[in-house]
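First comes the structure, then the notes that go with it.
Chain naming follows the written order as A, B, C, D and E, and within any one chain the residues start at number 1.
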Amino acid sequence: MLYEIKDMTRDYDGRRVLDISLSLEEGRVTGILGPNGSGKTTLLEILAFLSRPTSGELLYKDTRVDFDGGDLIGLRKAAVLMQQKPILFTTTVFNNVEFPLKIRNLKMAERERLVNRFLTMVGMEGFSRAKAHKLSGGETQRVAIAQALACLPEVILMDEPTASVDVENSIIIERIIRDINRQNGISVIFTTHDRIQASRLADNIVFIHEGKVSKSINENIFAGALETDLKGKKFCLIRENLKIPVKTEKTGQVRISINPSAVRVFRGTKNIEEMRGIKGRVIQLSDERGFIRAIIDIGVPLTVIMPPDSTGDVIPGIGEDAWVAFSPEMIEVI
Amino acid sequence: MLYEIKDMTRDYDGRRVLDISLSLEEGRVTGILGPNGSGKTTLLEILAFLSRPTSGELLYKDTRVDFDGGDLIGLRKAAVLMQQKPILFTTTVFNNVEFPLKIRNLKMAERERLVNRFLTMVGMEGFSRAKAHKLSGGETQRVAIAQALACLPEVILMDEPTASVDVENSIIIERIIRDINRQNGISVIFTTHDRIQASRLADNIVFIHEGKVSKSINENIFAGALETDLKGKKFCLIRENLKIPVKTEKTGQVRISINPSAVRVFRGTKNIEEMRGIKGRVIQLSDERGFIRAIIDIGVPLTVIMPPDSTGDVIPGIGEDAWVAFSPEMIEVI
Amino acid sequence: GGEKAIIRMSTTTSTENSGLLDALLPEFTKDTGIQVKVFAKGTGAAIRDGMDGNVDIIFVHDRAREDKFIEEGYGAYRLAVMHNDFVVVGPKNDPAGIKGANVAEAFKRIANSNALFISRGDDSGTHSKEKEIWGIAGITLAKKNIDADYGGKTPDIGYEYPAVLAERYVSIGQGMGKALTFAEEKQAYTLADRGTYLEYKYGRAQGLDLEILCEGDDNLGNPYGIIPVNPEKYPDIRFEDADRLAKWLVSEKGQKLIADYKIHGRQAFFPDAKK
Amino acid sequence: MDFLFDSLKSAVLLLWSLDRDLLIIVSLSLKVSFFSTLIAGIAGIPLGLAIELNDFRGKRLVITVLNTLLSLPTVVIGLFVYSFISRRGLLGAMGLLYTPKAIIIGQIILILPIITTLTITALSRLDSRYRKTAMTLGANSLQTALVIVREARFGIVAAIIMAFGRVIAEVGISMMLGGNAKGFTRTMTTAMALEFDKGEFTMSVALGILLLLISFSLNIVFNYFQGKTGD
Amino acid sequence: MDFLFDSLKSAVLLLWSLDRDLLIIVSLSLKVSFFSTLIAGIAGIPLGLAIELNDFRGKRLVITVLNTLLSLPTVVIGLFVYSFISRRGLLGAMGLLYTPKAIIIGQIILILPIITTLTITALSRLDSRYRKTAMTLGANSLQTALVIVREARFGIVAAIIMAFGRVIAEVGISMMLGGNAKGFTRTMTTAMALEFDKGEFTMSVALGILLLLISFSLNIVFNYFQGKTGD
């Protein structure tokens, strides 16, 4: 095991933001998904041995990490974190990428060769002599990736590596992640808000929610008001004319969560009235490990995950109308 | 006209990073798309009257902006910029959002009401008393949006507003953008790297490339080596077994750009050999103002834009195999 | 209106440091209701205060410069108030063997020995006296002038030193106390006023490690004069009150207080006013 | 070492005695230092802001001159002020020489460069986004300046502490312009210098220790408030 | 005002004369200030780093004490050092009193708190990501410290300039521990004090102007190098 995390917690000002047990295998690409504030950055900083857990244990390659007296510098040489909002030293781009190589006592010629190689990998070779702290958002991000690569690490931790990177370079960075994993055997752990990116890139995906590992993240969370219709049925009013049936004792303003795998989608219109179906329009379809993820605009974008065997006959095409149906049981009121 | 930009340039250290003429209408949502370093942030800072152009003119509501002696403070009260990497003042979240209201001399009770309203809009109402500078990346971004809304501006400029925001909140932010535009008539100008987001949200999209407005941004840019096959035909080798035919006098390492609207896609396999078709797999389909945007994995992700009348018969379904064909004429060698 | 009668006096540090003023001035205030603000500093700076009209009266000990001060019209008049005397102090073992000699002879012996001599070097009354004695002892003073001539005036900022001593002559440009500590540290000879010497020798837990080796010579007198600033130069000077202070000091009461003032059981100042 | 111990003992005794003369000296020291720091702060912080936040020709020269003024000797300041306020000077009629006000004037000149340069330093490394944010939210120049000062408060408070420490421990100017007149312009430091001149080393250091104790108490209060404004 | 003009003229004449005595004084001043700043910097910068970068009990107390030491009067320092190095003191045998070394020792004590607290201030508002980045890239404590110092260089250089200005303009310690012996331990400031005591105000200020000119030249050189290291 690369990392074993045992009942590890982290508190900030008395608030528990992380409370997690998890094992991560060596040589794999792991994607971490979770909403804002769920503790992704906090976790990555601990995994990079930069900050200490409040309680619990962390094992790296089967050895317990001693955050007090251990060889943290040695460990940090093995793992490198590319921060969520990376900052570069106020020197040139070249010097920034050279820094980890210098620390590792590489010869000048070798350093130069590697710096150029890594800068070329992220498409920043033309900026070698530029002042690093004056780069644009995405340029900074890419130089930070080159810098992390220059650590020649065992594990590379990346906190939203493509957050402000353009499309072309996102593709390149994704390829870099795959290549360093396949070719150099470097373990990669990255966070993202892009589910599709995660499923495209990662061997396994960890969802975290409020500091804990969760089975999956409910994507369809909507805020609305609970009301009761003339027939006495409860529903949640999300927007004008958008009523979702719910079963709850609560009243007033709530948030509801709809399991994307439980929604039924129809191309036709039969029986819709009885099923309380809602009409929408398919705006995106994508492939998620064989399953099909659809985004259907029903006034709000609703994510639906359908099994792979659904073919064109059942699944509506892009831009087409579709009907979705929920039963109150599958809707959670938060 | 909201903004008229006439031959406006901006240099950094003698390098011209912006050189643009452009008109933006009032009351609309404008999306700005462009690769890293193309000058988006630079442009937004000028439109927010925070930095001055090196040369050229800027008109705001038909009045020339005088960056030297003009009423910049009055103008800045009309336009607010949410920065690409927003920073919050080291006080509480509440005080951060209250700041623009305080400056505008609103009464205490009114301020409190508005702060709570804007914080609720971005889903940060629970963080009112938290220290703003300790928030996570996405939380910071969302508070910054609330802060910008609290300026009650005429124009709101947002530099990658959803860059590190989670899925649920991205949807909320997109809705906020639409609502403030529709309901309050606020003009919105935002940048993004997400084409789909731009087309979903914006009334018009401006592409910029190397500081200039361009007709569109070529999405399919790939690096490769030019080689010649046995028949004497030139092609570009992008990955192992991925050869794209090109017509050029150049040799060696190049980058090629493929116009997404010019690629032909086939469901079947007929005549593919003659057409030098390449096999791929459809991994994403989305709706772009009636057109269909597909991402086809041919070893690299290739974006294709197809006309709306192509129905399921012509367009392959998600997860299905597809064949793409290029002619050398439509491939540009950069 | 109801302005309090306060006068300002510049004086040398020796009068204040000896504590004499603390014994005299409260009595004066009791008698006359006039308060005295005292500014203690080097003789040069004290006289300068008088010349600039910053004070109403000066109380110093440098006869030559006092006379010049009057001559140039800055002072109204001078009254002789008191004197104490200078002593030559040095290490107990007296390497130059000056004990018992008169002061001129003592300086000659110092010049011809290997001993160090510490000079105040600050143009103070003591420094003037020291230069005078070198003269009496027949030892030539070399003079070195810094060439800073401006507006036709050549300031007297030269530096005089007994040529034979050369490196053994340490000019420190500081007050008496500092000169004594310096001499102690280097186990050197120096010329000191008796008051300060007594204070340093007997006023402290660890008395000064220097002995008086030469005293009582006629050439070692150290007269103090009091000079009210001339009201014709500075009309807003509080001349009347200053005048009263000067007169009070030479009065019977003032003179008796001076005679009775003791430092560590020893008389330090001797009244000078002639009846 | 006995000497240091004796001094400490004397300091305690001094403090214990609550001697009226001593109280006058201490309160004068505090008053003078307080006002000179206050006035220099009121002038120096905005000056530092103005220099740092504006781009103008000769800016680097101005900063270099300010840095040079950090080595302005007290004697020069003393004589400079003296030449204005002595009876013969331009402002001689005001009778400022040898009053606490004269000390304050001199000390302001002494610490103005300190506060100004340290303010510039505190601002210069401050994230430029703070300023941009304040500006885009509609703040005028004054409001922007206040935001920036608040964000740079740590450095600016350090400037104030440094300046206060400088003046409360300062002796040259107090001596030259105040004159060390007992009951009027005698401060802790001039009293120390006097005791030293008299050879009363123990008393001199005792006063020094007292000064440090007072300064320590002030710093504790300060630290408490700084802690409250958050980190 | 004549007086200031005269002083300026004398300063020029002094400079012009290239008087040997004057050169000795100037070079001693520079030497002493250089070494005390150098040594205090070598000690104070790492000390400030150690305090700021580590979390330990009593950290705030340490900072408060350092702030208090900013108001350490020169008389106290002088007497403190004196009590160790005078003939009767523990280190009396070394014969340090009234040598330039004694001045350096005293001045180091004077500016060590300045350099340390200003280093702490410079680091305290530094973006914590610099440290995290250096650490994650594998830098050891020393390498991390160097990175941090480089990023905080503006503030640290300001500390050095402040400290240098303090010592070159300092008179109390130089006087007490150096003794102002002509040709041996007379510095520019003690010479100024002497001229002042003699009532030779013009010469005193002339020396002060000379000191400022020297300081100005040094600052220009400094500014040039700081400019070269980029903004």
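Operating definition for what follows: a contact is a pair of C-beta atoms (placed from the backbone, for glycine too) under 8 Å apart; a residue touches a chain by one contact, two chains touch by 3 or more.
This one's a predicted model, so the numbers in the text were calculated from it and none came from an experiment.
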Chains in simultaneous contact with chain A and chain E: none
Distance between the centres, which are taken as Cα means, of chain D and chain C, whole angstrom: 35
For chain A paired with chain C, centre-to-centre distance based on mean C-alpha positions, whole Å: 86
Between chain A and chain D, centroid-to-centroid distance (C-alpha), Å: 54
Whole-Å gap separating chain D and chain E, where each centre is the average of the chain's CA atoms: 17
Numbers and ranges of chain A residues touching at least 2 other chains: 85
Multi-chain contact residues (two or more partners), chain D: 3, 127, 196, 201
Chain C residues counted as touching two or more neighbouring chains: 178, 181
Touch relationships between chains, expressed as pairs: A-B, A-E, B-D, C-D, C-E, D-E
Contact footprint of chain B on chain A as seen in their complex: 12, 34-37, 41, 84-85, 134-139, 142, 159-160, 163-171, 175, 193, 195-196, 200, 219, 221, 281-287, 290, 292, 295, 300-301, 308, 311-312, 315, 317-319
Chain C-touching residues of chain D, taken from the complex the two chains share: 2-3, 6, 86-88, 92, 97-98, 179-182, 184, 194, 196-202
Chain C - residues contacting chain D, complex: 8, 13, 16-17, 19, 37-40, 52-54, 175, 177-178, 180-181, 196, 199-200, 203-205, 234
Complex contact set, residues of chain B against chain D: 45, 48, 50, 73, 76-77, 79-81, 83, 85-91, 99-100, 103-104, 131, 147-148, 150-151
Contact footprint of chain E on chain D as seen in their complex: 1, 3-4, 60, 63-65, 67-76, 78-80, 82-83, 90, 114, 117-118, 121-122, 124-127, 152, 154-155, 158, 161-162, 164-166, 168-169, 171-172, 176, 188-189, 192-193, 196, 201, 204-205, 208-209, 211-212, 215-216, 219-220, 222-223, 227
